[in-house]
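For reference, chains read A, B, C, D, E and F in written order, and residue numbers begin at 1 within each chain.
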Amino acid sequence: MFRWLIVACVSMLLLGGSARAESDPPTGAPAGTAVGDSTTPPASAEVPPPFDKADTAWMLMASALVLFMTPGLAFFYGGLVRRKNVLSVLMQCFMCMGLVTVIWVFFGFSLAFGGDTAGGFIGDPGQYFLLNGVGFGTTMKVAGTWTTVPGQLFAAFQCMFAIITPALILGAFAERMKFSAFTLFIAFWLIVVYCPVAHWVWGGAEGFFGLGKDGALDFAGGTVIHVNAGVAALVAVLVMGKRQGYPTRISPPHNLPFAVLGAGMLWFGWFGFNAGSAGGAGEGAVRAFAVTHIAAATAGFAWSLIEWMRNGRPTVLGIITGAVAGLVAITPASGYVDAGGALCIGLGACIFSFIFVAVLKEKFGYDDSLDVFGVHGIAGLWGAIATGIFAVEGFGIDGKGGLLTGNIAQLGVQFKALLYTVVWSAFASFVLLKFVDMLVGLRPTEHDERVGLDLTDHAETAYTLVE
Amino acid sequence: MFRWLIVACVSMLLLGGSARAESDPPTGAPAGTAVGDSTTPPASAEVPPPFDKADTAWMLMASALVLFMTPGLAFFYGGLVRRKNVLSVLMQCFMCMGLVTVIWVFFGFSLAFGGDTAGGFIGDPGQYFLLNGVGFGTTMKVAGTWTTVPGQLFAAFQCMFAIITPALILGAFAERMKFSAFTLFIAFWLIVVYCPVAHWVWGGAEGFFGLGKDGALDFAGGTVIHVNAGVAALVAVLVMGKRQGYPTRISPPHNLPFAVLGAGMLWFGWFGFNAGSAGGAGEGAVRAFAVTHIAAATAGFAWSLIEWMRNGRPTVLGIITGAVAGLVAITPASGYVDAGGALCIGLGACIFSFIFVAVLKEKFGYDDSLDVFGVHGIAGLWGAIATGIFAVEGFGIDGKGGLLTGNIAQLGVQFKALLYTVVWSAFASFVLLKFVDMLVGLRPTEHDERVGLDLTDHAETAYTLVE
Amino acid sequence: MFRWLIVACVSMLLLGGSARAESDPPTGAPAGTAVGDSTTPPASAEVPPPFDKADTAWMLMASALVLFMTPGLAFFYGGLVRRKNVLSVLMQCFMCMGLVTVIWVFFGFSLAFGGDTAGGFIGDPGQYFLLNGVGFGTTMKVAGTWTTVPGQLFAAFQCMFAIITPALILGAFAERMKFSAFTLFIAFWLIVVYCPVAHWVWGGAEGFFGLGKDGALDFAGGTVIHVNAGVAALVAVLVMGKRQGYPTRISPPHNLPFAVLGAGMLWFGWFGFNAGSAGGAGEGAVRAFAVTHIAAATAGFAWSLIEWMRNGRPTVLGIITGAVAGLVAITPASGYVDAGGALCIGLGACIFSFIFVAVLKEKFGYDDSLDVFGVHGIAGLWGAIATGIFAVEGFGIDGKGGLLTGNIAQLGVQFKALLYTVVWSAFASFVLLKFVDMLVGLRPTEHDERVGLDLTDHAETAYTLVE
Amino acid sequence: MKYVIAVIQPDRLNDVLDELEKAEVHLVTAVQIMGRGRQKGIAEVYRGHKEAGSLLRKVKIEVAVNDSFLQPTIDAITKGARTGHIGDGKIFVLDMEQCIRIRTGETGSVAIG
Amino acid sequence: MKYVIAVIQPDRLNDVLDELEKAEVHLVTAVQIMGRGRQKGIAEVYRGHKEAGSLLRKVKIEVAVNDSFLQPTIDAITKGARTGHIGDGKIFVLDMEQCIRIRTGETGSVAIG
Amino acid sequence: MKYVIAVIQPDRLNDVLDELEKAEVHLVTAVQIMGRGRQKGIAEVYRGHKEAGSLLRKVKIEVAVNDSFLQPTIDAITKGARTGHIGDGKIFVLDMEQCIRIRTGETGSVAIG
């Protein structure tokens, strides 16, 4: 034990020291000196334009909102599992918050948003190592455009996205993956799947395969995040097999109010997610905000109606599932459509997800514990396609909008971007899962799964029964 | 089933198409073109002034905060009912989020903020149908004044208000209204009660009855929202009758921590509600923020003291009830009073609500399940009156402030606005309830009410007991 | 009862009247008049510079976020106690929100931020009595510098800090302090301990002992808030003695998901706490935001690793405890370090807190119910010291940074500030506790403690068992 | 001495307690259980997946009484719990050999009340 | 008449209920309990403090049956609950003197089913 | 064989478990219940409305023992649970006819431990 502490202390000082050594002078000049006149921006010969304070105010908030989504997701998922596994779900979400951030700071951000490396497959991991060279008071050039907020704020905002993406996946194999396997898997997945895809779509000058140049529309990460996570989820489900007792022996959600709380937090946080993706407090943010809300509401409402017609009783789990599906689907479209488009996208998300979750899943018989593929994957795919349908004029290739304004090409580009993401995510996730299985084994023992992961993986129980 | 899906898909495409057809060119010009120079604003000959980004940053946040209040309310209410009905409360809140938004987008916003129709009774439903003509990047003229944020953001902010108002009512008939009846009731109520009243107070050039011209003070909707909902709640309670077993056979709150969580979320969200009603990040917002906090704190603290003196033990339910009463009461006053006024308004809200909830309700014997009238109605009435008492100079008719600065007329105007709202809300709510009762029946069967609405209306249970 | 109500009403009117009498003309001029040209700012001969709207937008939000931390703390603490005491914890937190605000409005703010009195020991209580003279639309001079937001917003932001500080302490004596004693204690403690220390560090022109002039770095209140509360907690623990049955007969946390929820809310709110301490939406806020997130994530992750190595199983309670320790430690440093520094500070916070909580506490045998000293005290001390180590150039005495950039003097100054705070907090807290013990007695009867404070102090139970 | 176990509808608990009180049976324990009876439960639905949902919430109460109190106890429970609908529940009577009051160590009939 | 009490693993509940159904024993109550048995619990850890953690979650079911149904009931429970691992639980059989159906007031064997 | 039911104060559970362990009675089940006893509850208050509040939280434990273990079990529970205050609770002893270990199918005395 004490050995470890000494090691930790020493490495801490070294790290601090090295951080010092590598760090350029603080980008923020001491009070009294005008910002940005004496410091030469590190990674670019150009002088970065000053940041906009109103944009910064909004992006600070938006980043906080996106961070808040991960606890929200934890409760959305945690409420749906059984009592004996709720902590394992919460723990995995918090592990994402911890581990992903650490990786992001060291080289994850650099992998996603550094200069093109390996032919644009990924960013240069050394460029922003330890976030050096990313300014606290200076803007940053991303894929050829300057942010209007300081680079570090952009990095923090993106960090929140990187946290929630692997967290989304965990719903698929909830109640049946060992924590050690989970930890390794998300670390690898972040580096091998998330960072490259983020780089292609947002970070590269042109992008591997020219995704950026093509003009694929993805406002807030429908493809990078939801399709990506949804596909990885499906692969994980197939690789790992079913939970013991699935489908007849699984108790219903142990605490639906928690799931509702989580849904509320997600809806709230999603405003930061989508409207924050505008990068500032301008027209894009307003548009994203408005259509996000409309799509979520429409999809939740529509899900209730479908259940009402089909089963005679609309359910709480249904309305929140619908709302989340709507939020997912509007994500890539949120900067490009109007209220009518949002209504349609929400409605479509609800219909397609419902069919998958309530009809096809039972047919296919796979055990996607919390319907990550059915909700995030399917609604994400629909959203990416729908962006190519409903985009209004002024956006899309040459500003021609989507299919409804006659721009068929846009739809093709959307499919292309989806295809690359699906293929890479499926392939790489599969390999990573097999690799982690070799290293530590994916599933707990039969006994551990029966007793529940809270106790066997974390030595805790969520609620006292007798006290 | 599949029939329905086909119908849905077709109507979706039609909707998308029509949205396209009707939609004017996107108000936000493509990147590179200066905002607002080539596009002629649709509904007005004047050129709208550009929006303010700092105001937009705050209003984005404020809108998100107000949305967050509805899940907060769901938990505030949900924690207080019995285990067997908690989901029905959560469901009704989420239904408001879904259904109200859809109505709002189609024509609700237009009814409230469109041009005067029917002599100023309501807005023109066609003017902003599907939010067409409301700009994502252009400001909007509301009741003769230009917003400083884009029109769509204003519409979204107002949408959050329209969501929470019917949600407030449901606490009154919690545990005893059929979900089908609830859904119909709120849809009608929104259109027939909320939209007109919102139009009179905020949306009309002069307002029906000249409410706007008179100079009635209602900063953030004390009358439109809280008095309106509180009166409808009282009417609903009287129309529907008591719960089975009331008052001796009703178990205490099943989960008080949930109610506390809800209260925390409400307090947090109320900053968006009140300070957002300033429309921007200026002096009005600061004033509203400060006095909102003071009134909530004072009322919560005072409620504790009253209980301490009266029963010897202050309760958690008491302190959160007090805080909510304080928040309600400060709502109409929040832009017009100072710290001293906020203290008095909070204190008064606490005293009057306490008397109603703890003394008079038992005397009268009506069953207002969660004291919507006692808290929202009474504190709302007090707040509207108190605004006419404590408004500081610079506000009110001719900027003369309220009663304490000698402006007695203000008090009269406040009473007049209250009177119209109370009368219309009571009358129309009564008619609507009777109408819905005829259509589907308001109350569940005796058996369903006994088993609980979660199971009988939604086919779910909130918590597993044995798993 | 009715006697009391009459007294309350009369005093209310008097209060309102006096508020009116004392109040200067509203700082915000009526619409149409330019802001600030005709009104002479009340407490200063200089003309205050106008406020910045973007800064105001962010500070409105940040203040709301900090308020949200107190319910977050309530759940963080409430989930960890036993079922029979959860309401008492929630109640104490809400009491802080109520009572502290009222004191703050009357004279607390003035004590902390009024002009130097008693040789700089404390502020002038009359200067901002009832917040008079603090502008809603005008900036304010604090310790020689003008805020860039209206004074009332600054006062509200600071009020949220004053609320959470005594709330932090209550975790130490959770489950064993009478509510009456608690209420008296925090009222006294706020006035006698918090306000002076806040005055020394932030409010005074030079500060008692010259803390301000010395150049001690404390960005967001690590010393004023966390060390201060942590030391008071330790003293309280020693004065009050152990809970019945400690350590072998205490049940584990009754609802760990609540604690996780609270941790999520704290993390979210802490962005307002730290980045809001920059006072605006500039570089300081961005820096604070980024490093806050990094430190929290690092510490949470590291705690998991330590547990993994030591016990074979990382726990949920561990990861959230670590995250909170990281947030505490980064608080004083958040405006002055970079990503590397944040990693080190987070790591250190985790290690030192872990040793205290898991090893030394059991050795010493004191009963700090929820480890307030171990987490807030220890991580707070480390954070204050670490600020003197890892501050980057451009900050600190003469902008020379911390120890790692060769500025040893900084470390000395940090120790000096700590010393004063620890001594005063320990001494005054001890005296106050003894005094309250004399007045009403600190501990409940043995029977009451056994039955639980929810029932015996508040006449409520948190959850129904049979209904 | 007899040990009486009764399974009743949750919302009848207060009535049963009141009736027992009237019958001078003050001491009782109550617990929430799930019961499968003739009263068919409503099938629960989760994302389209139907649960058998055969278990319904009930309350179980247990009372230890002296023999002379047995019939009054049964009558009181019946009176308080009966609604005439399916699902009203059952009363089970077991023989009890011994009863001890922990506080005093008293045993037998005297310890029951 | 017999009163059968069984302590089983929580995840076997559905199987036991199914088996009982097959044995035509429809009526049953179930409750969540904590049990200390041969199956050693995993020590819980809270901030480094180890709990004895000897109690594990179990489910207790109770069935009142007529004498002729006793053996089928025991067999059904055994069949549904047995995994062959430590922790499978126990069945306890008590004699029952009387049974009353609250709804109708019927007593004895006829009231059981 | 006997079936022992004890109602105790929640905070004595650990002591009772320890005492039982010392008496070599390892196996036991525990459940949280509400009890109405001589110990008067504190009236709960909700928005000024007073609840009767007659029910207090208790813990019920159940132990099946062989006859020779009966007295040690009673003694152990008494020792662990007694505080001398009202509300300490009761022990009820019922006769048990049969005991089956599900895992092995063993019956009778041997299946108890």
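Note that in this section a contact is a pair of C-beta atoms (placed from the backbone, for glycine too) under 8 Å apart; a residue touches a chain by one contact, two chains touch by 3 or more.
Predicted, not measured: the structure shown is a model, and the values here were computed from it.
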item	value
Equivalent interface positions on chain D and chain F, same or different at half	different
Geometric centre distance via CA averages, chain F-chain B, whole Å	51
Distance between the centres, which are taken as Cα means, of chain F and chain E, whole angstrom	17
Multi-partner residues of chain D (at least 2 other chains)	10, 30-34, 44-46, 55, 85, 94-95
Multi-chain contact residues (two or more partners), chain A	52-54, 57-58, 61, 84, 252-253, 255, 261, 310-311, 313, 315, 317, 459-461, 465-467
Overall pattern in which the protein chains touch one another (line/ring/star/complete/other)	complete
Residues of chain A touching chain D in the complex	247, 252-253, 307, 310-311, 313, 315, 317-318, 321, 354, 357-359, 362, 371
Chain F residues within the chain C interface of the complex	9-11, 14-15, 32-34, 41-46, 55-57, 85
Residue numbers on chain E that touch chain F, as the complex places them	2, 5-8, 31-38, 54-55, 58, 60, 74, 77-78, 81-95
Residues of chain A defined as touching chain C within the complex	1, 4-5, 8-9, 12-13, 15-20, 22-23, 25-30, 35, 52-54, 56-58, 60-61, 63-64, 67-68, 70-72, 74-75, 78, 86-87, 90-91, 94-95, 97-102, 105, 130-132, 136-137, 149-150, 152-153, 155-156, 159, 179, 255, 258, 261, 457-464, 467
Of all residues in chain B, those that touch chain E in their complex	465-467
